[in-house]
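Letters A, B, C and D mark the chains in the order given here, with residues in each chain numbered from 1 onward.
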Amino acid sequence: MMNRTGTDIQIAICGSAGDGTIASGDILKRAAALMGFNVIAFDVYPPEIRGFGKCISRVRISSQQSYSLKQNSDVLISLNDTHAIPHVGEVRDFGAVIYDDNLIANVPEGGHISGHIHPAQIPYGFSIRQISEQATNSARSRNIVILGYLAELFDLPREHFRKIIRDKFATKPRAVTDDNIKAFNAGLLAGSGVFKLDDVVVQKVDAKGNGADAEMMTGNGAVARGFMEAGIQCYFGYPITPATSIMERLAVEMPPAGGKFLQTEDEISAIAAAIGAGYAGTRAATATSGPGLALMAEMLGLGVMAEVPVVVVVSQRGGPSTGLPTKTEQSDLNLAVFGGSGDAQRIVLAPTNVEGCYRCAGRAFEIAETYQTPVIVLIDLYLSNRYETVIPSAHKQFAAKPRVPLAPNGDGAFKRFELTENNISPRAIPGEEGLMHTVTGLEHNELGRPNDAIHMDMNTKRHEKLKPAVNFPGLTVSKRFGDEGKVKVGILGWGSTFGEILETMYEAQAEGISCAAMKVVMLSPLPVESIAAFFADCDEILVPEVNYEGQFANIVCGALGKPVSRLNQTNGAPMAVADILAEVRRLSGKKPKTGQSDTFTEAAL
Amino acid sequence: MNEHVEPVYLEEKLEEIRADGHQGYRSKSLPTWCPGCGYYSMAEGLTFALRRLEIAYKDVVVVSGIGCASRFPFFFKTYGFHTLHGRVLPVATGVKIANDALTVVAVGGDGDAFAIGGGHIPHAARRNIDMTYLVFDNGIYGLTKGQTSPTSAVGFKTSSTPYENSDVPLNPLMMLLSYGASWVGQAYAGHQHDLADMITQAMSHKGFSFLRILSPCVTFDKTDNTYANLNLHVHDLPQDHDTSNLMAAMQAASQTDKPALGVYFKDDRPTLAQAMNATATRASGTG
Amino acid sequence: MKVDRNRDAEVRNRDQGDAGVDAAQDVHHSDDPRDFGWVHENVPCQSACPAGTDIPAYILAILQGKRGLSYEINREANVLPGVLGRICSRPCEDQCRHGWPGNGEPVSICHLKRAAADLKDIGHRLNESLYGPSGKRVAIVGSGPAGIAAAHDLSLMGHDVTLFEREKQAGGMLMYGIPEFRLPRDILREEIHNALRLGVDLKTGVSIGNGKGETPLSELRNNYDAVLLATGCMAATDLPLRDALKGGSVDEITNIEYGFDFLLDLHRGLEKKVGKRVAVVGAGFTALDCARVARRLGAEDVTIHLRTTEEYIPVTKDEILEAKREDVALLGLRTPVGIHSTKDGRLKSVEFVQNRLGGWRENGRRKAIAIEASEFEFDCDTLLVAIGQKTAHDFLDDKLTFDRWGNASINENGMTSLVGVFAAGDYVKGASTVIEAVGQGREIAKGIDTWLVGKPRYKQVVRIEKVTEPLRERSFDFIARCHMPTAEIEGRSASLGLEVENGFDEDLSHQEAKRCYLCNLKYNIDVDNCIYCRACIEVAPKNCIKMVEGIKINQDGTYGDLQETTEWDHVGAIWIDNNECIRCGACYNVCPTNCISITRNQLVQREF
Amino acid sequence: MASPIHHVIIGSGSAGFGAAKTLRAADQNCRVTMITMDSLPFYQRYALPQIFRGRQDWRELLEVPPAKYDELDIKLRRRTRVVEVDGSNQIISLAHQETVAYDRLLVCTGGRSYLPENLTSQVDLIHSFGSYEAAMQVFKDLPKGGSVIMIGGDMIGIDLALTLLDSGYKVTLIANQQTFWPHDLTAKQQKPLLKALEAKGMIVFSDSRPIGVSDKCTNSATRCVTLEDTTEVLGDVVLSFCGLSPAVEFMLGADVDIERGILVNPELRTSNETIWAAGDVCQIWHDTEKTYKFYHGWKNVRMMGELAARNMLGGHDIFDVNVEDQIGVEPDGQLKSTFWTH
């Protein structure tokens, strides 16, 4: 285990769609953040709205910085035994399993979770459903009852929960809040007589730990926050899992701030409208997932060709086609970097954590405006939906700088696509005096008029103008962690997987393996020099990715011409630390460590 | 309604149901819609219609797009095709053109039909492909958890219209009437018997039949298209409504605040298959 | 005096034997065996009640604050609600659905009956439906519960009834057998008076028999059109000792007494004394009453000796608990086999043999099997024998046929082997419970009436009435069973008359009434309108709504188990399993097609 | 192919665990399931006084590490209440609505602490010591050096009392008929033993019985017990140690003979041929005394568990009903009982 001091526990809540599993986890993580903990949380849910699929909400609560979820949970709460039984094994020894021991229908032998709890785990059964019905006349508040029970069992501050519950239901009728508070109190009462036998301990944090500034955010929430701080003016969206919540957030926040928000009839019209708005000089964006990006590919090509700044957030899910809409994957990298017709070079940023989402989304407009091109912020379901505590910047560092007007060119010969030294052309927007011009998806000359002969020059311009982006100020394009100088194993990663990579690296170091890690945030164009320097220091390079082929490894190998070791997985779940660690051990030539020594000696019977 | 209290005896009822045979059209697996969803009513309605028209399972293909309604084919023991969002009609057209002997039922929700798929409907309608298009209209996006749809009312609050929807809803009946659909009707999920009857009539029609079915989303719409509200507002088309009069149909279709149920318009004209046969005849120079 | 007209109207509108036919369209009367079967199975309390009391109806009345109506509903089956509300053996509560596994504890049905009696308005008016005079005369011998119930009903039917009682006061075992701390006499006298005041001629102090100053039975037969014998079990069962009694017979040892006589004498006003160590042999209410009376008469050490163990004796758990709280000890697994006396003829000890539990007897009790050579002595200075009572026949002056237990044999109308002589109550059943006596008294009254008039007046049907709302809330199901407030233990031993149980007040009775599931409500899904959406199943509190493909039919035409399925193409109906249903109303409120209906299904008597 | 025989053991104490081990040792293929209301794996109730000697972590009280259950392939189901045993269909119903089928069943649910009826209404004011959780509650509620009022004082209680005295606490014993249970002693026989306890610093009341417990006390004490002679005994915690009464309600439908406990023959088989019982829950036929007797004490109990297991596998071992039952005071003033092992 990693050598961390203080609190570091993970709670998993498992239920069926409709049980309120996710809402329960949501309250838990927000309350934990309010208590001053660092929180990472991730929900897994099925495509059906309220059908019968499995939902799991995992919340890691720590007093120190953490980078991913833990492999083992300390506490598992079952709201649906059928779904929770396969997860009992994820609970560590002397951890707790909380479940309903008062079912209403007969279950076959083996159908109740209590029959699956290992002797080293601690069972806590109570009448969750009955207490819920008693408190609120409905079984729907079971998810809140368990929170009360949890708060009582681990002595978590009640008022923080109550505040979050009140906040969460603030827009609902008063009775909804009252019922949920009743359910929470009923859970407290149910937990009050319980003797705690597990060894899961939550220490009180100094309120200053994270401070009141810390906010609980998802990757999608952070994207929306970054957009708002960057002064987004127009947003066009179409619902698609797992990007929808970006749209929903902006739908709430933009109108009061003077922004224009529209839900269009499809992704094709969403990107089209965004490109129109970008052309018209506003900060405009859309967000989608892989299938939507595929639809948008043609329109993105228009953005590249017409050199229109626009920001597209892409949250990846399992594919191809409709694929696994509620499962995470990093398999749209090729589409993001290469997708579309023709040589359509664009900028692709892939943040590695929630705070990164905030920074990349906020910075993306500036980059798009600087290079006059579409910028894709590539995240995935794991990052979109996972919660972390973030301290947002106090300043509006992403705000647009006042535009320096160009000199009017009254003769109608404004070279919107002028070939310049730095390959960036002067840009005017509709409404500016004397700078009128035409943009098009056809290949065009400096004036923007259709022209085939200039294609080579224009291609050069469109590619070369992006190269300096790897040094864009205010943006971490890549970063190295871990041991300095020469190391045995270097782990190269991108996107949401980097949290697990970092956790792995710390564990490997603790095992005595000389190890370093590098994250690459800008995937197109690639920061080749810093990656090359990293390669030079490492005996072995490992690239873990949640896709089948190793799309990033392919890109890196192509760019550097050096072989790397790949670790790929596509089971819908984030990469496990243990799997990466095993690979690191293998590459380092080190034998796996033996398991924990048994602290028991059997008494003579 | 009979106010007399008559005792109900279960085994007699079950015998009736078994004798009726409509259970046979169901698949083994239970529908996964939210409990209370109006789509259950439609599933019942389609099974009754298929039974009444005595169409063999093997001759039926149910095609759908993406959305709650598009789960439909999974719950039937017929051929089914669950395609992509909004692309129901092109796929169904392909199936029907490939084999005219099949009974093709296209199903989808209001988002699938009138938003992303809106561009396809006029063409399916004017070509008069011999299929039935059942649009389950609940005025909301259920599968993505409650955003506004093209048929949502003005003032409707959803997660994407937190400050109220200001877009005027589409009028699918007037659209379809103007697109040239040869059979246009409207039914309501809460009147399950009438619904079954309407599906039967739609499927009996030779040509493109469009049936709009008003249905509540019990999970994400607690205010507008609820059973309670719809029960208050729906009513039958007048007895003397002339189904051959397009303008009368348009007039009736324009009454959106009190939706009328029944067959609005019916026109017997050549189907795509017939037209293709005619084209083939002309092309071969034998006509 | 202010009269609640509405309440009167409610009372009148109940169609129990009412001459009128239901005019309302939302009532249907059925004589289908499936409907009878439903009521028998689904209203377990009423089925368990020997008098057939409509328990859900009277509890609903309490719930609705109509305690007078509740009292009247009780009186339709049982003219002594205030009495039975205190001392009934409560076979209903053993069957109460609320006490079924997983549902919690049974409703305090008996205490609620008492609440209806205690808490009805001071100005409450009784509801009686009278028939015109028949001109027939009926004599009833014995004014115990069976006699009173029969006298009341026969007088309503228009017959002239004369009720003969040997003792000074009417009431039989109620008056002379049950201690006052369990049944205050003012309550008893009032209800007896109410039962008899419609023209029953009560003659107390008149003994029917062949002795001097007694009236012979044959004289009654001559003077009346019918005679009903309701003399009960007026002789104590002998103590069967295995060994011949050392030192004489039981009667010769002064401090051995039959508990039955002990209580009879006490309530006749004789001064009774007991020693310091009192042993009671027996396992019924009489045994417990004797023990508790003995405590109040100053005994220091009171023990009750059981053949089996306290789990298996036919008295309520409350009664056992109160006895224990009064420091009465129950000692199990022993049968008396001998008595030891001192030289001067005083009781020294009782010899018992140790038992072990054997198999089950047909009446649901356990057998006790003596363990060989395990005899032991138990020292005591008073022995009260309360092992049962039997019928006495010395008052007869003509031959009567008896069954093998010495009880009167009767035909379906209740007539004995003597024409015009009927019998009811313990005289027919042997020593049984008060509620059985009341139930049989009514039943035989109907038989006598049929015989006198020449045809039955009534037939039983199932009245099915539409109910427009669930009447209950789910939260009611979580209310804990209300406990009967009792008198402080300290004060009890000082008085024989201090009632131990204080009764429910309005709040408690309302609270307890909420607990009743109202089992006579039947929830139905109209399959023709059901769209199989399972909204009802989702909100169901138990596994009470099922997807079914069939139902078993029993040989007698009633329903058996539902045959469930989860395969969509087999689901014929979504159906409410009324056996699992706890009438919470959740499904009714959620159905999108309003296909769930509620009816109230009750057994009623209709006139031919 | 025949499925392996399923042995189910209700209860996870000495008898249950001993039986499970024996079953597994004799048959590698059978299924062994233990069902218990406890939250913890098997630990000795007799070890609970150790809590007052610094062993408060339950893991230190376990007899075997949790991994041992995996090693022995014993399925342990905790916090699981059996509501009914259907002896003719061989099905156990659990309170949470699950059913478990068995081929052979061993019942060793032990007993629950008996409380004199006249004190039942004050049960909330009386601590229990029947489980680790209850014992820890006593440990928490008892201030350092505080005083315990013990009603009865059976051998488990006396063991605790001696530990408490040794650890600097005060103990008041209100003796009654159950004192020194399961030894069956007359008041006269109790006298020298009580004296020995007094010599160890215990305050003993042996002539009056408690009639009430209250938490409204005249001084700072949190509990006071009123005796029949109106004496008030003050303390911090009241414990009742009046012996055990067997817990058998769930067996009422199981088609086995029950008196107070489950009646078994000397082979520990009940009147149902697929059900055995062992430990404090059963009464064994004593052929010479012609009565069914209880045999308490962990030695007896564990012996019964192992013996029942052997007989479940087809053996015909007989329980020695003539076990010795002695208590006395050693020359050094220490109590010695055949029910104690230390």
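Simple rule for what comes next: a contact is a pair of C-beta atoms (placed from the backbone, for glycine too) under 8 Å apart; a residue touches a chain by one contact, two chains touch by 3 or more.
Keep in mind it's a predicted model, so treat the numbers as computed, not measured.
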{"item": "Chain B to chain D, fewest steps along touching chains", "value": "2"}
{"item": "Intercentroid distance (Cα basis), chain D paired with chain A, Å", "value": "55"}
{"item": "Approximate Å spacing (C-alpha centroids) for the pair chain B, chain C", "value": "62"}
{"item": "Intercentroid distance (Cα basis), chain B paired with chain A, Å", "value": "39"}
{"item": "Residues of chain D whose C-beta touches two or more other chains", "value": "97"}
{"item": "Multi-chain contact sites of chain A, meaning residues that touch two or more partners", "value": "104-106"}
{"item": "In chain B, residues with contacts to at least two other chains", "value": "33, 35"}
{"item": "Chain-chain contacts as defined at top", "value": "A-B, A-C, A-D, B-C, C-D"}
{"item": "In the complex with chain A, residue positions of chain C that touch it", "value": "473-475, 478, 539-543"}
{"item": "Contact set on chain A toward chain D in their complex", "value": "93-94, 100-112, 114-115, 117-120, 122-125, 195, 197, 598-603, 605"}
{"item": "Residues of chain B defined as touching chain A within the complex", "value": "32-35, 66, 68, 84, 86, 115-116, 118, 141-145, 147-148, 150, 159-163, 219"}
{"item": "Residues of chain B touching chain C in the complex", "value": "3-11, 13-14, 17-18, 23-31, 33, 35-38, 40-41, 43-44, 75, 77, 189-190, 192-193, 216, 218, 227"}
{"item": "Chain C to chain D touching residues, read off their complex", "value": "101-102, 309, 324-325, 327, 332-333, 354, 356-358, 371-374"}
